[in-house]
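In what follows, structures are represented as structure tokens.
Two complexes come next, and they have one chain in common, subunit A, joined by subunit B in the first and subunit C in the second.
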Partner chain A sequence: MDIELRNIHKRFGAIHANNDINVKFSHGRIVGILGENGAGKSTLMKILSGFQPADEGEILIDNDIIDYTGPTAAIANGIGMLQQDPLDVGAFTVLENFIYGGVEGITLKRAEAAARLKDLSRRFGFELDPFQPIDNLLIAQRQQLEIIRLLALGVETLILDEPTTGISADQKDILFDALRRLAHDEGLVVLLVSHKLEDVIDLCDEVVVLRNGVMVGEMDMPVSDDNLTSAVIAETKQQLVTMMFGEVLEAQQRPQYEIGAPVLITEELVVHDQRLDMQPITLTAQSGEVIGLAGLGGSGQELFMRACARLQRIDSGALSFDGQSSLKSSYRQLFRRGCVFGAAGRLEEGLIAGLTLTEHSALVSDDKLQIDWKSVEKQTASRIDRYRIKGRNSDTIEQLSGGNQQRVLIGLLPDDPKLLILEQPTRGLDVDSARWIWTQLLERCQRGAAIIFNSSDLEELVTYSDRIFVFYAGQNHEVPDVNQTTIDELGHMIGGDFNN
Partner chain B sequence: MNEEFLNTLGSIIGTATPLVIASLGETITERAGVVNLSLDGSLALAAVTGFAAAWTAQEMGLLDVPMQLAAGIAAAMIIGALIALLVGFSSIKLRRDQVAVGFVLTLLAAELARFLGADYTRIPGPQITRWAIPILEDIPVIGTIFFQQNVLVYFSYFLMFAIWFWLFRTRGGLALRAIGERPEAAYARGAPVQRLRYWYTFLGGALVGLAGAAYSLNVKPGWSSPPAMQGDGWIALAIVIFGGWHPFRAVLGAYLFAALRAVSSNIQTNGLFIFGQEINFPFVLLNTLPWLLMIVTLLIVSGGLTERLLQYMPRGVQHRLRAFLRSDPPKALGTRFEAE
Partner chain C sequence: MKSPRALAVQIGFLLLPIVISLAVAAALVIAVGRDPLEVVDALWKGAFKDSRKLGGVFNFWIPLTLVSIGLVVTFRAGLWNIGVEGQMMMGALFASWGAQYLPLGESLSPLLNLILIALSAVGGMFWAFVVGLLKIRLGVNEIFGGVALNALVNVISIYLISGPWQPRIGGSAQGTEPFPTPALLPEFSSRFPTNLFMIALVIAAFIIVLILLNATRWGLNLKAVGRNMRSALLLGVATERTSMSAFLVCGALAGIAGSYRVLFTFDNLRPLASGGIGFLGLLVVLLLSIRLLWVPLIAFAFSAILTGSTRLQIALKLDSSLAGVLQGMLVLFVILFHGVQEVFFPGTLADEEIEDPHPPAPSPTGREREVGTVELTKSDNSPLPRSGGGGLGVGA
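So, the complex of A and B:
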């Protein structure tokens, strides 16, 4: 199957998300779709997979104009998309998810479907227990299930949206092997939406780059054999970055500064959890230090961070913040003494949907009974200015884009905290926005704050951390020498492989 | 076994039946992601409508008795379904809050029932009578308890199995559960999310209407003000939670509640004897007993207490027990869905 997109336009209000996109995808090829946040790559893929209609333009499958609306119609035409957060039902078992969406019959015919599932997963080396509930599965397994499900429905074009976020290096190898087989041996079109350049260079045969809704370039990737030297990779990467941003970004370096007195000390800290067997954690964070926590989602790092901020129950051990035991403190008390927790769920925990930027400012202004709106308005305006937020005082927070919401969140942090505990501070942001966030954070480090953060982006961890702790199924290990650790090694560690 | 005791159990099954039907109806509505909070008012309005329709048919000499009753039941089901559709329409189409709309409709329907029912207060009308199932009724113990009842009770047995089968054994059931858990996933698989939500809200509402008719045509025949079933709508909503949105557990909950009620009314009539000693205390408090126990069980089933208790069990058993006691509500319950 070959696909051609002709003159695709899509507007959201004033934003021209896709502006006259023309592109061809041929069978047997793995194509990377690159672009920074808001470049329009997700929109384009949603149009192709039927989740959104295009305003203008045509989709041609094998040179015929095909008109379809809705994801089911797209699948019927052979185009299926694996979402970043796979669209499965958490309360269902693997088997039920596999069956649901197929067409034949009233009853479920479980045995037949189970055999089919087993057959398909064996073909790609996936390990899926048909009777596990989805809620107990790792992201990687949910992706595998979704891929198998789409293949069973006869999909010939497979679109994957950021599939390598939150999975380990080994899981990535399995996924990439399967994708290579699907494209190169079975002739499928595989489209990979990603902002991880290493992955794109490793996997893709060619890339298409979007910037501000416009297609700015196409490029063949160097053949991914053994001759893929690090020099070639670095050069390709530079070319891609230039295409994506229209400028050459310098690699960001950690500024050097003094590491000071201990801010947070945990000794044999055992965090309470029903599902994980949490091992004791001993860690000291010093002023000026950045500590990165690596691990697949739900390996215990989130619980540990919440325990440090006293938002999670502690079973045993010692915890002290700024020289005082904080086992009996509440987060409110710690916050007043300079410990700040930033949650990953921007709109769920970090910010309040429905409140305006001004109202958010008022929440963090002083504790007086009556709000001085005039001065709060001024503070808000200066925050917008200083943090380069695209928005106005009277905008509610959900009207802002994700990147701007994150800027607001960072802008609301106190100027001189002693400890910042941050969940995924740059989740979903493009390289440029992420760097900007880190500049702000490191400034606070320089003034004496300690930072503890987690991330599913291993490059971010390696770049910014002084020390890294790897969490795996409730266990924790400190990485011996961060400067000598590669992203690949870290990727194996978060999958539980600590030996090499 | 003691014949009198068996008869008591049988009457508990009988009086529990409206609760069974109402909570089964609400279970499927909530499985689809819609909360119909109007149950308490719906029951009353359906009861008075059902009674009025059957009585009018009788007075006018229309139809024979079974058909008069059928007319009453049909009228009640239509009322229940209409109120549910209002909840569905205002949340799906008008994007209003389901809880707020349901709550207002509860009050409206209850008051409407009082007002419209004024002319029908305390007059005799047609009743659904007992009809024992031949052969089955002769089975020792079970026959006396379960098969010397009326048609509505037999229908409630059928309903429980039918809903269970639909939910867990058919593709349609997968779609029903999916639209309540993650409508986006259901949409991506081609389910007409909004249409299915309307349909299951309608169906659940019709069953609530049937439950209303079960009061006025059988369990507490006739109409009185305040209505005999006052409060049972809320109980049915609690039973849905107690039942973990599972039809078998919901039915168990309804029977348990009816049994507690029977115990407390028995004590009130006959007094409480422990070791032949009569215990004296304000028996009126016993009326609160079923409610109190309902709250306690709800706390155990849906609170963190189960988790804490489970911690003392060996790890292997924990896993299975938790699955059995699973009481997570459908994840998209009470939320709106919009296709992108």
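So, the complex of A and C:
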């Protein structure tokens, strides 16, 4: 099938998220959709996949104007989207999830569906046990399931939103192979929304680039066979960045400063949850130091970080923060002494939906019973200015885009913390925003903060960490020489391959 | 600025549930062969015929407004303080103890009144503290804790009435002996039988809580904790202390409401002296989507209907619980229409700067908020279950 989008407009209040987008996607092609945060690429993909209607414009499938609303209707028209967080039901088994989107008739025909599931998984080299509960699956497997579920529903256009986040190098290879076969052998349209330019260059045949809601360019990618040398990759990357941002980004420099006294020390720290029993962890974070935790989601790094912030029960071992044992402290006690935890889910943990930016400022301003609203309004305005937040004092936090929410969250951090424990500080942000966030964080390091962070972006880990610990199924290993470690090596380590 | 259309939708959704519940009530009355206008007339006369009746309305209004103000505070903190009824009762018990054992004479009656009111506040706070402690330290959901403590305080009161505090002559489970006059709150006059000091106290409590909620850090902390406990914790709010303070404030106000029941309405301690007013307060607050500003007015309307309904029985031989039916339907329809408006007319909801449209639903496991030592589990802030409180048994 071929798809054409004509004169697509979409406005959210004052923001023109999609401004007269005209683009064609042809069968058998893998197309990357690029742009910085808020450029309008998610909006466009949501319009195409039926999650929201366009204000104006037409969608043509094989030269016919098609009008549909809702994802189900989009799937019926052959267009399916794989969300960043797969939309599956945790308590269901793989097979049940496979069935529930596409039931026709009353009976479920389990045996037939199971055979179909096996057949499809085998074709793409996916390993899916039909009877595993979804909760036990890795993100990569949930993605695989969602792909074959959409294929079974007859989808001919597959949209993927940041599919390589939180999966290992091997899993990425399997995914990319499958996508190549779908497009090049079976003639599907594959649309890839991603911030990871290496992935885009590796996988895509062509890209379209959006900036501020406008389509600013299209470009063919170098053929991804043998002639993909690192020089070609670097050059293509530079061209893409120029298109996305309208300027050439300088490589980010770490400021030089002294590493200071230990801030956080764990000795033989043991934690567990229902799914994971962790090996003891011994680690020291010094003032000014950035420690990166690598690992697939759920490998134990999140548990460890929460334990350090006293948000997770500690079974045994020692933990001290700023020279005092903090086994008996609460998070709030540590917080008052300069330890701040930043969670990955912004609106779930971190910001409070329904509260305005001013109210968020007031929450962290001081402890006095009387709130001096005038001065809080001023503080908020200067935060908005300093952190380049697109929003107003009186906006509630959920009215802001994800990237701006992240900026608010960083803006609310104290200026001189001793320790920042951050879950995925730049999740879902474009290169420019992510760099900007890191500039803010490194400034705090320079003033003496230690940072412990985790990320599913291996480049981020390699770029910013002084030391890296890799977590795999509850085990942890320190990467011996961070400066010599490549992203590829790290990608294998998070898959459990430490001897490489 | 709202568009005219949005304004029309908003007003429509304000009036429609009232009209519908009146219509259903009228249909009920017609079904039993009576004229709805007769009922309205009886209700009106029962509440406003003369200043004596009006005094009766205020005697409901005082405790009802107090508990409703308290419940706005707990709801703001995301807590379903079902235990409010028991907190009223515990306040009544503490006041009853003082009324019987503090030997202050007629001349010191105003002082004794103040002491008893303070005692009742302590009693209500004590019972609310237990709910809070169960919730915060042990993760027992405040609804379950509240229901259990409601039952417990009733058992205690019946034990006291039929045991240590039973009347010397003709002891039964009906109630204690009337308290000595100095302990009782005086009537303003027999023409207007209510207590002016308590009315002033209610108004003062209303103004103070209004200011605390909207202009202070405490109010902001409550809102933050109520909307997202985990985020509030990470932003540095003392979440446990904030939740507990909400319980304590509500408990104190409920306790004072309880004291009014025994020191004015009944003049002695009776089983179930709280009379379901705490539960009725939940309805008032749900009806208003936790807007404090309108609490005194709606509480007044509820009190008038309740007081008026006693006349239904006398004048029309209709069961006075018809008033309860009307109130229950009103709350149901208001909540129902709020939901309808939200789904079909988003963006037309009233400006909501001083309220939360949805108190978060209680989590049945109550596990979501053990912080400090226990893992934070992820749970959504799902909107409130769209039904009113449980069975109403509001009696005089």
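One rule holds in what follows: the second predicted complex is superposed on the first by the 499 of 500 C-alpha atoms of A that agree within 3 Å, B and C clash if a C-alpha of one lies under 4 Å from a C-alpha of the other, contacts with A are read in each partner's own complex, and residues count from 1 in each chain.
Criterion: a contact is a pair of C-beta atoms (placed from the backbone, for glycine too) under 8 Å apart; a residue touches a chain by one contact, two chains touch by 3 or more.
Since the structure is predicted, the reported quantities are computational estimates derived from the model, not experimental observations.
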item	value
First (subunit B), second (subunit C), both or neither touched by A:Phe453	neither
Partner chain(s) touched by A:Tyr472 [first = subunit B, second = subunit C, both, neither]	neither
Which of subunit B and subunit C A:Glu349 touches, first, second, both or neither	second
Partner chain(s) touched by A:Asp367 [first = subunit B, second = subunit C, both, neither]	second
Subunit B versus subunit C as contact partner of A:Asp273, first or second or both or neither	second
First, second, both or neither for A:Thr72, with subunit B first and subunit C second	first
Partner chain(s) touched by A:Trp438 [first = subunit B, second = subunit C, both, neither]	neither
Partner with the higher number of touched subunit A residues, subunit C or subunit B	C
First, second, both or neither for A:Phe98, with subunit B first and subunit C second	neither
Partner chain(s) touched by A:Phe25 [first = subunit B, second = subunit C, both, neither]	neither
Of subunit C, residues touching subunit A in the complex	215-218, 220-221, 223-224, 227-228, 230-239, 356, 371-376, 378, 381
Subunit A - residues contacting subunit B, complex	46, 51-52, 70-72, 87-92, 96, 99-102, 105-108, 274
Contact set on subunit B toward subunit A in their complex	169-172, 174-175, 177-178, 181-182, 184-190, 307, 310-311, 328, 330-331, 339-340
Of all residues in subunit A, those that touch subunit C in their complex	273, 306, 310-313, 330-332, 335-336, 340-343, 345, 347-355, 359-360, 362-364, 367-371, 412
